[in-house]
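You will see chain A twice below: alongside chain B first, and alongside chain C after that.
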Partner chain A sequence: MAEHTNISTAARQNWMGLLARAPEGDLMALWARYEAQPGFEWLRNPEVGGVMVRGRTGGTGAPFNLGEMTVTRCSLVLEDGTVGHSYVQGRSKSKAEAAALIDALMQTSAAEAVRDQVIAPLKEQMLTEKTDRAAKAAATKVEFFTMVRGED
Partner chain B sequence: MYVAVKGGEKAIGNAHAWLAEERRGPTDIAELSLAQIREQLGLAVNRVMAEGSLYDPDLAALAIKQARGDLIEAIFLIRAYRTTLPRFGYSSPVETGEMACDRRISATFKDAPGGQVLGPTFDYTHRLLDFKLAAEGEVPTAPAGQPRTEATPHITEFLKGEDIIQDEPASDDTPGDLTREPMEFPSTRPLRLQSLTRGDEGFVLGMAYSTQRGYARNHAFVGELRIGKVAVEMDIPELGFAIDIGEVELTECETVNQFKGSKTEPPQFTRGYGLVFGQSERKSIAMALVDRALRWEELGEDNLGAPAQDEEFVLSHADNIQATGFLEHIKLPHYVDFQSELELVRKLRREAEERITLKEAAE
Partner chain C sequence: MTAQSQFSGGFQNAPVQAAHAFRAAMTVMARPGEIRTLAGGEAPQPLSVAAGTLLLTLCDPDTKVHLAGAANTEAVREWLSFHTGAQLSAASEADFAVGTWSELGPLGAYRIGTSEYPDRSATLIVECDVLQQAGAQLRGPGIKDTAHLSLPDIPALQANAALYPLGCDFFFTCGDQVAALPRSTQISAEA
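What follows is the complex of A and B.
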């Protein structure tokens, strides 16, 4: 078995969530540059499906079903026995495969290399894009003021 | 009732070939790519996702291309595709209070904490055709400001302390799902919201407008409108914990409605709610108005007999795929039905003529 060195749930949630949300092009470009593509076997072949997204009435109240989104999932096992899972947005089986491999590698001694070469730059790119939008939004912030009326 | 007809395969095949050719148009004009539709006709893509009830911009762009820009046909394609997808599960309710807002405005509170952020809006454009767009050209980069990093709180949160606006207490009730069980009446608010968010924009808009014009008027103001991305989280059984499975762009509208009180409720502001996939502002506001009108019974208001108060009427006619399916089927071959109708009318006509002849003979 691979070394499962005290991986916290929060840490795994973080990278799995990042991989799920990542634009396919950005993830695949970084993953293609990763040094070694590990051997693996499928536990569950990539499968495209839907998830019903829920909202809450009034933003805070009772849940309701808003509509579905496409999701692709798969599970695999590395040669050393480490299991990787992925649930990623969209219909790309190759993105799901890359995400599951990265999830598995992040639980092995390769974690640092994968973090440096894939996770960290991916996170950076996504943050830059988010910050750029927030900056454009900030430039459209207005201060309305009520005109002073005649009598006071 | 209609009876199947046979034949016509060759004509149908040729019609499809011609359809494909017309879809493509003259080949000396560049073909549209899905990326162009997705990125440059984004609001059409959003409408197809909202009413198709499936968030996938690439698929919506494909559907728009295939449907030659007929959005209801595109929505039909998405609904049909959706039924082929295995359902992996249900997400946790999205936290719209955590939204990364591109736009966030309030028509009621000018000093809303977090500010009034216009975003990429048509609101203050002059609605004059811009002929510069007819020519190719570079678009200048939009100015940037100091990006906000913290979440923007909902405006209604600030009124809660005063107890002057109706609360929306959280619950973990499992909502009904109209993609799994047919709609029954009386319905519930969660089912109404599911039905309205995928309902036809034009229909929901018309219903909302009717309330503004006086059919069950409920004095709505846009308390808050926000557009932006939220993460979608789901429990993953094989992991034993929840992870983000993606993010979606949403438009959320909360109306604040004047309410004089009723037999059961004190005078206060009440709320209507709209939440729609994508940047779908008109739809979201309309949804909130109709939601509020449909809450008359829960708030102890009078039933004024207005169409927008009648949930069976509203929800049974909001879905444009059901509507267009039933409407458009009457153009398909009905020869056998019509043949029998023809026979009937001829018989009635003959009998009427015989009666006249007999009457004349008697005179």
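What follows is the complex of A and C.
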């Protein structure tokens, strides 16, 4: 069984979070272009469920329930025994499968290739989309200012 | 391909397999002395197929499980929390306990419920070397005349039955075979 303990939790959280938030179309397009598609077995078949999203106002506010969101999760094991998990937003089982495979591959020697071909472009696309949207929103911002303050 | 990991051995088709397993568990509990096949899940050693399948079927994040003796290994703990999310606990708080009869220890350690809530009791999953319809004689609800089942410790189980409506319930597992003994069954030693 392959043991990989040299991966920091923060790094793994980083790519798992990215995969969870990624738009399905972008992720699937990039993943389809990845050549060395590995064989795997299911540990937990993809299943759709809901999770409660909780928020907190300010640093000291009590947590409150923001609302439920739909997530799909699955777990699988590669042929070398590496386990990949995924929790992704939405109800796409194929996206959950791709995300779990990428999570597993990121723990193996294929990590560099996956990072170059999938993770990095995905991150860039999502960032571009975010900045585009922010720029579009910023263009509509109205600055209010006082022309003439009423004479007293 | 036989990729294995510490999490292997869950249900491959959870809705169907869990329903079949639950039906088998319910049938043996309703008809003490009857032996059914129970398969689908494979827990890490030393748990049997039937015991692993029972845990997958009955446990969830709200149930507390006590792993007794040799069953309390790192592999079993990881497998159980991955597949069921069940919390592990001491014998005195457990809803379910798994192990061989000698490892489970005296029955006094387990919850027997209260007069107001007799259901707040433990269900013990006892791993046996043999399981056959011979040995102790059983009478009571779910049994037409009498039934027979190989029981590990007749006096202790008689004492448990005497607590009725309180007391523990038992599943006996051996390989992929399962039988059950609810607290309502009266036990006598002669075969």
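The criterion applied here is as follows: the second predicted complex is superposed on the first by the 139 of 152 C-alpha atoms of A that agree within 3 Å, B and C clash if a C-alpha of one lies under 4 Å from a C-alpha of the other, contacts with A are read in each partner's own complex, and residues count from 1 in each chain.
One rule holds for everything that comes next: a contact is a pair of C-beta atoms (placed from the backbone, for glycine too) under 8 Å apart; a residue touches a chain by one contact, two chains touch by 3 or more.
These figures come from a predicted structure and were not determined experimentally.
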Combined model on chain A: chain C and chain B, fit or clash: fit
Which superposed partner A:142 touches (first chain B, second chain C, both, neither): first
Partner chain in contact with A:75 - chain B first, chain C second, else both or neither: both
Which superposed partner A:40 touches (first chain B, second chain C, both, neither): second
Touched partner set for A:89, first chain B, second chain C, both or neither: first
Touched partner set for A:63, first chain B, second chain C, both or neither: first
Chain B versus chain C as contact partner of A:16, first or second or both or neither: first
Which superposed partner A:132 touches (first chain B, second chain C, both, neither): first
Comparing the two partners chain B and chain C, which touches a greater set of residues in chain A: B
Shortest CA-CA distance in Å separating chain B from chain C in the superposed model: 6
Set of chain A residues, in rising order, touched by both chain B and chain C: 47, 75
Chain A partner contacts - residues on chain B that touch it in the complex: 49-50, 53-56, 58-59, 82, 85-94, 96-97, 100-103, 110, 115-120, 142-149, 154, 156, 168-179, 189-191, 193-194, 197-198, 231-234, 236, 238-239, 241-248, 250, 252, 254, 271, 273, 275, 277
Chain A partner contacts - residues on chain C that touch it in the complex: 1, 3-8, 10, 12-14, 82-83
Chain B-facing residues of chain A, complex: 9, 12-13, 16-18, 20-21, 47-71, 73, 75, 85, 87-91, 130-146
Complex contacts: residues of chain A adjacent to chain C: 1, 39-45, 47, 75, 77-81, 83
